[in-house]
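Here come two complexes built around chain A, the first alongside chain B, the second alongside chain C.
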Partner chain A sequence: MGTPLLALDNLTVAYDTEEGPLAAVRGVSLSLGKGDRYGLVGESGSGKTTLGLAVLCYLAGNGRVTGGAIRFGDADLLTASAGELRRVWGGRIGMVYQNPATALNPSLRVGEQIAEVARAHLGLGRGEAHGKAVAMLAKVRLSDPAAVAERYPHELSGGMLQRALIAMALTSNPELLILDEPTTALDVTTEAVVLDLIESLAEEYGSAILYITHNLGVVARLCDRVGVMYAGELVEEAPVNDLYHLPLHPYTVGLLGSIPGLDADKHRAPLSTVPGRIPRPNELPAGCVFVPRCQLAEDACRAARPLYETVAPRRSSRCRRWLELAGGWRGAADTSPPAVTAATSGGAELSAQGVKKYFPTGGAIGNLLPSLAGPPVRAVDDISLSLPEGTTVGLVGESGCGKTTFGRCLVGLAEPTAGTVSLGENRLSPSVAGRPRPVLRRLQMVFQNPDASLNPSLTVGRAIGRQLALLADLPADRRRERVAELLRSVGLPESYAARLPEELSGGEKQRVAIARAFAADPGIVICDEPISALDVSVQGSLLNLLSELQASRGATYLFISHDLAAVRYISDYVAVVYLGRLWEIGSTAEVFAPPFHPYTEALLAAIPVPDPATPRRRLRLAGNVPSSVQVPSGCRFHPRCPRQLGQICETEEPPWRQASSSHRLCCHIELAELQRLQRLAPSTVEAANDA
Partner chain B sequence: MASRAIPASLGLRASRGWRVLYHRLRRAPASLVGGSIVLFFLLTALFGPYLAPYGPTDQNLAAMLQPPSLGHWFGTDLFGRDVFSRVLVGSRDIFVLCGSGTLGAVAVGVFVGLAAGYQGGLWDEGLMRLMDVLLAIPALLLAMLLLAVVGPSYGNVLLVIVVLYIPMVSRVVRSVVLELKTKDFVEAARLRGESSLYIMFAELLPNALPPLVVEAAARFSYSIFLVASLGFLGLGVQPPSPDWGLMVAEARDSYALAPWVLAAPAAAISLLVVGVSLFSDGLRRLLRPGVAGG
Partner chain C sequence: MLSYVARRLLFVLLTLLLSSLVIFGVTQLLPGDVATMILGRFATPEALARLRGELGLDRPLYVQYWDWLWRFVKGDWGTSLATGTAIQPWVMERLRNSAMLAGVGLVMSVPLAVVLGVVAAMKRDSWLDHVISVFSLALVGLPEFVTGLVFIGVLALGLKWLPASSAIEPDAGFFDALPKLILPGLTITLVMLAYVARMTRSGTIEVLKTDYIRTAYLKGLPAHEVILNHVLRNALLPTVTIIAISIGWLIGGLIVTESVFGYPGLGRLLLYSIQHRDLPLLQAVSMLVVAIYSLANLLADVVYAYLNPRIRLS
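Now for the complex of A and B:
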């Protein structure tokens, strides 16, 4: 392999905190050759971002490298002078950060910021540098790069910004590109486009890539070697195909098992999961760091820290029992009973008829003088949907398509502009304030952001207890008991009742939020992206929890998500939303098989599948979701539709077509024709790939 | 870990909590000094009247303008009153007046801030514009105006402190409410049918406590100034009360002859104000670790 480009040798990084130094990265050794693509995977708190920053010698003020060495080419970065480091930063190593919205200076034009790199590292003059910036923006396939260069960061969408950042990182033709979760903040469809771009540019420039992420699907697509980090240690390292087919560390096994594959289904088997949470650096167990969450742990594991063994050529694992794993152990199946649809609780079905929600634009003046107000934002524009009892209906779409607003209309947190929401025969008041207690009791919601859904200054016990006090007719002395019961039912110890939200991890908070929603035995729960803010390993266990609760209590869910794999796993029916309207609705099996609506097809093709062997469909959506102020004429999807027919799509609204008794979609293309097109090799559809 | 304020320190398991508290305090030694000063004055306010060697208004015309001595630690004033005793007893007035004034402002300000922030719309516009009017007039000028209308007295000075400081307090509360009222936990409360009043006081107010405590401490230190200024101008507490501001005003005439009569109350005012400021600064660091820049 020759001399590696980047070599970390036994690297240890610590942060000085109020509680003394905390080692966030401990004894990590890895090396990257020229042009290698290395994926570094782990949950939040595993130290992967710290490692990335340490490679750059760009740690936060209280962080320092306390041991080991970093060699980059022939230079020792740890002893390099500030001047040398400046030449390396942005010159020989490029970096792309997680949140594109904060990575650029908001008060400088995008082109100027890229030109600055060209001036500093390529020694170009002002004019040349600007030309280079425009050329780089063209390289990342932004349409009209000259105009983009003149814009400020807030005038670009997230996907465009991330592309501009990649352009910036590649300007100096770096030998190494560090990407820290570059697509996590983006939509699935945008993510797919950005990943394509990274892949093709890395080939063109021959840069090595260090790709830091928690998403195993992305790594499978992009990388050729993978390192799995846990609690600051590298626990396994392998070529990408080997890792996915034969993981040799129980943590990797758990991570892979907790992702619902595109064929997983709650009725068949629960997802295998990694129970518990990642330990803080000052609470590490004595032996193997993974022991508290490991299903294979035995006494010898607790006694001493296992060696980081080379178990096969180019493969290493930090597990004593890797040999057993090599024998094919795949994690103990979750012991919970298989999910069966229980008898329904005998309430009425929730349905929405023609719900619309428009938000006025024009602010205070528009409110006073409606004639001055601009056209409204049509967040939800005529959606009718009913939730069959005891089932899960998945609602999918990109962000900004109105799915959350629709969920809020159902529970009454947003008042629909038009249309009605009914519970059985009962027409519900549009606002939650006007709904009687029995209705409130039946209709609850689990929110997206676990940090915001619990009051930071109230204990878990009070949060759940208050729900019981108001909605369940429970005498005060029985409440404490019931809170403990609820906590147990969501897999938390009773002692958590006395805790404050900040002492809980994200997944635990979401469990509490679920316990709160289920406190008074609701019949119907609206789950608004309940798992999208969480780590992979936690997502799996929450999906299990939700289907378990559904089985035992016969609850009905509306599961709102942009994660199609999760939706497929948990849903019985799926509805696809785009720009405030439904485009396809049917049972899960029907929606996930041809004929698809072209939008569904593109969403499916965009999912990074956590298996490098899966053939990829190259069908991409162009650009972003258009603004819901000026909705495109004809079929709303036509400007981005990869299968657009022509004139008719731009002028006429498409008709609903009935594919089966339970499956409908709304498109100008005949069902038989769609079926034929989609049965063909999907790659024949060329990507209309521009912003 | 740089999380929100009070719950942060209270929520930690005790041993770790104390260690964190100790570390934060050690980084802000000034707040310890400030705290000690405040504590010292608090003790004099509590026990001053019992410790004072003379009555605060006892005149002894035979011992006018005596310099500091063993008998009169801070000397005597124009009427032969013991300056030490007057300063000692005066600290109680300051604490009672400024303390209850600040509390009053906090009580009303919390109502105004919660109502304006949570109800929004016309409530917000109406209440906050009224607050803006109060803020637009310089504080001392407004205080003098009000006192000129209602007449100077102990109770009216209290009223002036309350009116003057409501806007600041309500702004602090409102800003916290605005930040939190769209959060999901408020929506969850609405979904279980909580009343607006419950959401304002039980869900939102606890989260406003840390900045509120800091604001109250700052208001307290300003109100000491205000009371002293009003006393000095003759609009505050009336003679012969041992009010520090009033004492400074009275001592002006005999300044050249007996500087101690002026120095003692002036020093007391400065020391207490500096002490409260340092203390409130420390509180801010303690309750909001992020702001301390650690």
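Now for the complex of A and C:
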């Protein structure tokens, strides 16, 4: 490999806190050669972001490097002067951040923010630097770069901002590019386009890449070496193919197992999971940090911290029992039987007919004088859907497509502008306030962000108990018992009843939220992105939990998500929504096989698959989800459709086509033709422009 | 942006209309009768009735209100009951004086306060931060009549650097008046300082925590560029709002400071009109002060919107 470009030697980073220094990164050694692409994978709390910033010697006020060395080229960054560091920052190392919307200064024009880099590192004057900024914006394939340079960050979409940040990072032609979760805040379709861009630009510029992420799929696509971080330590490192095919640390095994592949479903087997959570730096076990969650742990693991051993050429693992893993251990089989849809509990089916939800624009004046208001935001625009009892219907689409609003219309948190929601024969009041208690009891919702949906000042027991008191008419003395029962059923110890939400991890909070939703034995639960705010290993266990609860209680779910793999895993039926309308609906197997609606096809092609061997399908969506104020004419998908036919798509609304008794899609293209196109290598279609 | 300003101006007019109702109503409720006030307590009933007729006081209240408002809008603010002179030029002269004092106060206080606030934020939780916080808070706690008298005692009577009285000539130009403006300006500065410095400090701290400041540093920009181009541009937004709002108080509300220094501004004129039960004068000054406060608030919003592209461009 020659002299490495970046070499971390036994690096330890600590944060000074009131409890004393906490080591967030401990003894990490790794090295990158010129042009290497290194993926650093870990969940939240693994120390991966701290490590990324430590490489730059840029830590929060209370953070400092307490041991080890950082060599970049021939420089020792830890002893470098402020001036030397400034030449490295943005000059020799470029950085792209997780959230593009907050990483750019809201009151400076985008072009100016890029030009600053050109002035600082390339020594260009004002005019030249501006020209360079525009050229860089063109380089990241933004159309009309000169106009984009004049815009402010809030005028650009997330995908465009992330491209601008990539342009900024590459302006000085850096030797190393650090990317910290650069696509996590983006939609899957935009993510695919941005990853393509990173890949091709990294090749063109020859920069080495340190790619920090929790997403094993992205790493499989982009990197050639992977390091897995857990609780501040590097636990395994391997070339990307080897890691995916023969992981040599039980944590990596668990991480890979907890991601539903695009072929997994709940009827076959529950996802393998990593129980428990990452320990905080102040509660580390004495021996191996992974012991509390490890299925292979034995006494020797608890006694001493295992060494980080080179177990094969270019492979390292911090597990004493790696040899057993090399023999093909894949985790103890989960003993729970696959979830089978239980007999339904007898009740009525929830259905929506022609539901529309328009939000007025124009603020207070528009409310008072509707004639002055602008055209409304058509968040949900005529969706009819029924939830067959005891099944899960997955609702997928990009952010801004109206899927959450539709869920809120069903439970009555948003009043539909038109259309009805019925439970069996019974037409429900549009507002939750007008619905009788038995209806409220039957129809519950789990929200995306448990931090926001749990009252921070109520203990878990009281939060669930309130639900019991309000909806189940349970006398106070029986409630305690029932709360304990509910906590057990979501896999939490009874003692958690006395805890406050802040004492729980994200996954535990979401379990409490699920327990609360199930408190009064609902028949139907609307799950709005219930796992997307959580870590990978926790997502798997929550999907399992939802499947188990469904099997044991016969509940019906509407599972709203942008994560197609999760939807595929848990759903019996899938509905695809775009710009407030449904475009395809059918049983899960049917929706995930051709003929696809072109939108479904593009969503599927965009998913980074956590397996480097999977051939890539390069079908990309152009542009952003258009505004739901000015909905495109004809087929609303036509401006972005990779398979657009022509005139007809722009002028006429497409017809619904029946592919089977349970599978329908809405497109101008004949089903047989779609089938034929989609069986062909789809790489001929590519339309990646502005994300 | 223009339509936004137009809409806000409409609200200002509405505010003024409502205030005129309140001001007119309150002055009607004040004890005493204007005619009695003018003619004295021993005037004959006939004379009183005649004067009421001349002044139009025997008409229904709404007619009187409308008449008063219309004349006020036209610029005919009537004559003072106390001195018999025309009110409008008198008030305008005081307005000019108040504006001069406000300007001096702003120039003295704002740059200092902003620098102190930024320094305190950059050196957060250091001894310097604590010293700035404690001193500015201690100073804002002192009432103006205390600080004002201390300044007079030390800087005017003791060291004889500056005049003790700020009674300026009616037609004094700005530079003639300047020496007399410094002591009241200092007094105002002490009030403004803590207010603006703390606002700047918390605004700067918020901005320093943001991701885009990290981006700016990791671009390799020198610290002074990060502060000037990235931090202040965002951190001063709330400060600018506070300053613009305070213009209302600086012009129309300095009753104590003006009294301590004998400075002929609007605040003292308001006090005078109350002491002399000079109702037309009271009404005129009150309306003017309300207008200044409304416009200062409007200015604050417009400046904020102008400096903030997220609002300016939407």
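Everything below uses one rule, namely that the second predicted complex is superposed on the first by the 688 of 691 C-alpha atoms of A that agree within 3 Å, B and C clash if a C-alpha of one lies under 4 Å from a C-alpha of the other, contacts with A are read in each partner's own complex, and residues count from 1 in each chain.
In this text, contacts are C-beta pairs under 8 Å (C-beta built on N, C-alpha and C of every residue); 3 or more make two chains touch, one makes a residue touch a chain.
All of these numbers come straight from a predicted model, not from anything done at the bench.
J.: Identify whether chain B and chain C fit side by side or clash on chain A in the overlaid structures.
T.: fit
J.: Just checking: does A:E199 make contact with chain B only, chain C only, both, or neither of them? Give me first, second, both or neither.
T.: A:E199 contacts neither chain B nor chain C.
J.: Identify the partner contact of A:V432: answer first if only chain B is touched, second if only chain C is, both if each is, neither if none is.
T.: first
J.: Looking at A:D9, would you say it contacts chain B, chain C, both, or neither? Reply first, second, both or neither.
T.: Neither partner.
J.: Touching A:E155, do we find chain B (first), chain C (second), both, or neither?
T.: Touch partner of A:E155: chain C, not chain B.
J.: After lining up the shared chain so the two structures overlap, which partner does A:L454 touch, if you call chain B first and chain C second: first, second, both or neither?
T.: first
J.: In the superposed arrangement, which partner chain does A:E502 touch: chain B (first), chain C (second), both, or neither?
T.: After superposing on A, A:E502 lies in contact with chain B but is clear of chain C.
J.: Roughly how many degrees, to the nearest 10, is the angle at chain A when you join its Cα centre to the Cα centres of chain B and chain C?
T.: Apex at chain A; the opening toward chain B and chain C is 30 degrees.
J.: So in the superposed three-chain picture, is A:T17 touching just chain B, just chain C, both, or none of them (first/second/both/neither)?
T.: A:T17: touches chain B, not chain C.
J.: Using the touch criterion from the header, give the chain among chain B and chain C with more contacted residues in chain A.
T.: B
J.: By how many Å are the closest C-alpha atoms of chain B and chain C apart after the superposition?
T.: 7
J.: Provide the residue numbers of chain A that touch chain B in the complex, in ascending order.
T.: 17-19, 411-413, 432-433, 435, 437, 440, 443-445, 447-449, 452-458, 463, 466-467, 470-471, 499-500, 502-503, 513, 516, 520
J.: If we count contacts the way the header does, which residues on chain C are in touch with chain A in the complex?
T.: Touch list, chain C to chain A: 210-212, 214-222, 225, 229-230, 233-234, 307-310, 313.
J.: For a test of understanding, state which residues of chain A touch chain C in their complex under the given definition.
T.: Touching chain C: residues 56, 58, 85-91, 95, 97, 99, 102-108, 116-117, 120-121, 152, 154-155, 165, 168 of chain A.
J.: What residues of chain B sit close enough to touch chain A in their complex?
T.: Where chain B meets chain A, its residues are 1, 3-4, 6-8, 10-12, 16, 19-20, 23-24, 183-185, 187-194, 203, 206-207, 209, 289, 294.
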